[in-house]
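Note that chain A is present in both complexes that follow, paired respectively with chain B and with chain C.
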Partner chain A sequence: MADATFLALSVITIGSAIAALEMRSLIYGSIALMGTLGGIAGFFLLLDSPFVAMFQLAVYVGSIAVLILFTVMLVKRELIFKKIEDKRRKFVGIALMLVFMIALGSIIMDSGIKSITTTEPAVDFRNIGADFLTYYWPALILMALILTGSVTGALVLARREDVEDEQRTD
Partner chain B sequence: MSVIAPNFKFSEFVKSILDNVFWMLLIFVLIGIPAVMISLFYIDLPVINGELLTPFLALTWLADPSRTLPILKSFMTTDLFRIAAFPGFGFAALLAAGTIFIERKMLAKLQLRVGPFYCGKVEGILQLMGDGLKLISKEIIIPAKADKPIFWAAPVIFVATAAAFVALIPVAPGWVVADVDVGLLAVFAIIGFFPIITILSAWSSNSKFPFIGGIRALHQMVSFEIPLILSLLGVVILTGTLNLSEIVASQSNFPWIIFLPIGAIIFFITILAELERIPFDLPEAESEIVAGWLTEFSGMIYGLVQLGTYLKLYAFAGLFVVLFLGGWTGPMIWPPFPEEIITNGIVMGPITMKIPGLPVFSQEMLNGVMWFVIKTVGVIFFILLPRGVFPRIRIDMLLSLGWYKLIGLAFVNIFIALGLLYAGVLGPGGLL
Partner chain C sequence: MNNELIDFVLVSVALLGIGIYGLSVKRNAIRMLFAVEIIINAANLNLVAFGRFIPNSGGQTLALFSIAIAAAEVAVGLSLIIVAYRMYQNIDIADFRSLKG
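Right after this comes the complex of A and B.
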């Protein structure tokens, strides 16, 4: 059962990733990207970590895909994309990807991952939270600082003094 | 001679009925019975009263009214019943239909109108059924340059997402479709899908008003998701769990609205914004942009979107009840099932009918469902009420409300919860 689910999820994830690259329509491409991200959430569910899966759905499908979709809808496609049909580059790219995947796959297969057997139960998300607040607190603080810095930078960039809002009276 | 069918002959009528019966029997024997036999290999049949329930036994028992209850009870424990009927889709759709009718009637009374009146003689009670029949029989018009696959798929996905949301709401102890350990996070993940569907359907209709409405809906939903999530963190901090059933069970003594009123108010306002209801109905502002992102929908597509909207309304109201009002908890006022019917059966003069399998539902479950429905209907009433009272606000006021005021208040709520937790009043190991 798990194998069938795994296969179906893999097909969905990889297929929609290829579709996201190859689709001519940007909207359909971003929908396919959502399929990829949702498939990864499915992998997390298979790996007994629903907490991560739900965050994957909420953050990647719910927010980042929406941002991509929104941007795509507001952009005129002809202005930023020129249609370049270059068969040679495409085949070289595919070959490069295959080489890379085979190399990575062989490394992972040789690393002894196939012989790992574990009977430990799935990690509770409460333990993850406790670890974040105790052992990994510097990483948490660092992430918070980076996020704050990026938000502040975005606000500074977006700020404009020359625009007067006439309608606003409050 | 009849006027409607001048060539009517009774013998022809009987012959056509016999024809139909003959063909049905033939098709059933040739296709139906083999299909049943083949599917029986793959279905796990339930065991009732120590007997394996084959279809033939089930038919025998169904023919006897006093023996059907065990079959119905075993059907009620299946996932199909839970998803389609009781805590899931059917129950929610029933409440949603009631909501639509109550909304129209109540709004009319608030505005000194009559509202639905003629359909069904008594206060227009069949108006909803008439509207449904009209929507089903209407033609579905698709705009000429619309993106057809997305345009067709969006309403269906909308209803499916709303139904998935409904599936997470616990109605009574043990009566929930999906009792997941990270239920609240699943709610957040599902809420995140609504803006995508809205903007996709708005874009796919290739029309100006839907697109403006869709952009507004996207702004509104995405910016109000943040105070929504933050306002619920107080409850999670105090209960220490994300499972909705456990959150309800933690409120057996007092509901969380007593200690977290600010969070409840923020959550209620964000519900109004997520549901696109007045005063936040900018995405479908009918006086500005026709009907917003619903403009190009017609026929049953529109009906599906309406169904999804009201399922969402029920689910949000149910979530409010579960998180802040104590869900199914309440005083036990449902009368117990009379014992003598279980032991002696129903005595009607000389006849005594013993019905095995009674009672069908436990007293706790019925009491819980009753309290849940009462509270949910109350919350739905308060969600409907602003429609008759408030005007629509501007989008810049809406966004400043969401980003400045509600998020700030949500943090105040979180600090209240943390204060109560660290003061040792509430939470795991607290005084109360």
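Right after this comes the complex of A and C.
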């Protein structure tokens, strides 16, 4: 059975995920998204994988959420607070969400994973580091190239061409 | 380990449902990006949970790769939103129908 820490974490995570989508202001929404990402990091800690939890905190909460916050601040003030959606679409969306949750949930509850528990010790994170440097090194290099390419592409895309460089030479 | 695998999987299903709701209802481009992030996080939670209960280090490794790729995706997505905002002065995706410069 789930313990109290798990229940608190799941309330925080799911609650702030709903808040991130439903808050009126996009700024508060992105702060609530930070709560969701932090809650997921807490789940990783519960699953005895501190390395992934720290990675999640550093990458998601530390950089992605801050990047989103800064992008929101670049948008006009009216747009941050304006809610653009229609009622009928919203009901259809809620129905779709409930259908997905109930269908997937009942499939999972009926399947064999209901009885899976473990008493074995967790994987040591030193093994993950060793795996990264021995078996997965081509994937690691490829990932570095993808990250470099995408960040460069993002910079090129967001560059304004109508603004001249005004660099002082004197 | 007090928690069972099914608890984590159910939380992940709930997050997936919320993400699908956000993707289908919201028309604000940044909110849709939030929904995509929530879905990616649900997938990562599943990976790590199954990796813990097998137990196997593969789940954690795949989750690390997935987090890094998601970072790249967010960078490109946000810059696309900024470009579209500069063109249309709006972040409503219904306005992005005619994507021409």
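Here is the rule we go by: the second predicted complex is superposed on the first by the 139 of 170 C-alpha atoms of A that agree within 3 Å, B and C clash if a C-alpha of one lies under 4 Å from a C-alpha of the other, contacts with A are read in each partner's own complex, and residues count from 1 in each chain.
FYI, contacts are C-beta pairs under 8 Å (C-beta built on N, C-alpha and C of every residue); 3 or more make two chains touch, one makes a residue touch a chain.
As the structure is a prediction and not an experimental result, all values here were calculated from the model.
When the two complexes are overlaid on chain A, chain B and chain C sit side by side with no clash.
Within the superposed three-chain model, A:I27 lies in touch with chain B and out of touch with chain C [touch as defined at top].
In the superposition on chain A, contact of A:I141 is made with neither chain B nor chain C. Which of chain B and chain C touches more residues of chain A is settled by the count: it is C. Using the contact criterion defined above for the overlaid structures, shared-chain residue A:I68 touches chain C, although it does not reach chain B. Once chain A of one complex is fitted onto chain A of the other, the partner contacts of A:L133 are absent, as it touches neither chain B nor chain C. Applying the stated contact rule after C-alpha superposition, one finds that A:P50 touches chain B and leaves chain C untouched.
Of the two partner chains placed by the overlay, neither chain B nor chain C lies in contact with A:V11.
Taken over all C-alpha pairs, chain B and chain C come no nearer than 14 Å in the superposed arrangement. Residues 51, 55, 63, 125 of chain A touch chain B in one complex and chain C in the other.
Across the complex, chain A meets chain C through its residues 1-3, 6, 10, 13-14, 17-18, 20-21, 26, 29-30, 33, 36-37, 40, 43-44, 46-49, 51-52, 55-56, 59-60, 63-64, 67-68, 71-72, 74-76, 79, 83-85, 89-90, 92-94, 96-98, 100-101, 104-105, 108-109, 113-114, 116-123, 125, 127-128, 131-132, 136, 139, 143, 146-147, 150-151, 153-155, 157-158, 160. Chain A meets chain B in the complex at residues 27, 31, 34, 50-51, 54-55, 57-58, 61-63, 65-66, 69-70, 73, 125-126, 167-168, 170.
The residues of chain C lying in touch with chain A in their complex are 1-11, 13-22, 24-28, 30-31, 33-35, 37-38, 41, 44-45, 48-49, 51-53, 55-57, 60-61, 63-65, 67-76, 78-83, 85-86, 89-92, 94. Within the complex, the chain B residues that touch chain A are 147, 150, 180-182, 185-186, 188-189, 191-193, 195-196, 199-200, 203, 218, 222, 225, 240, 396-397, 400.
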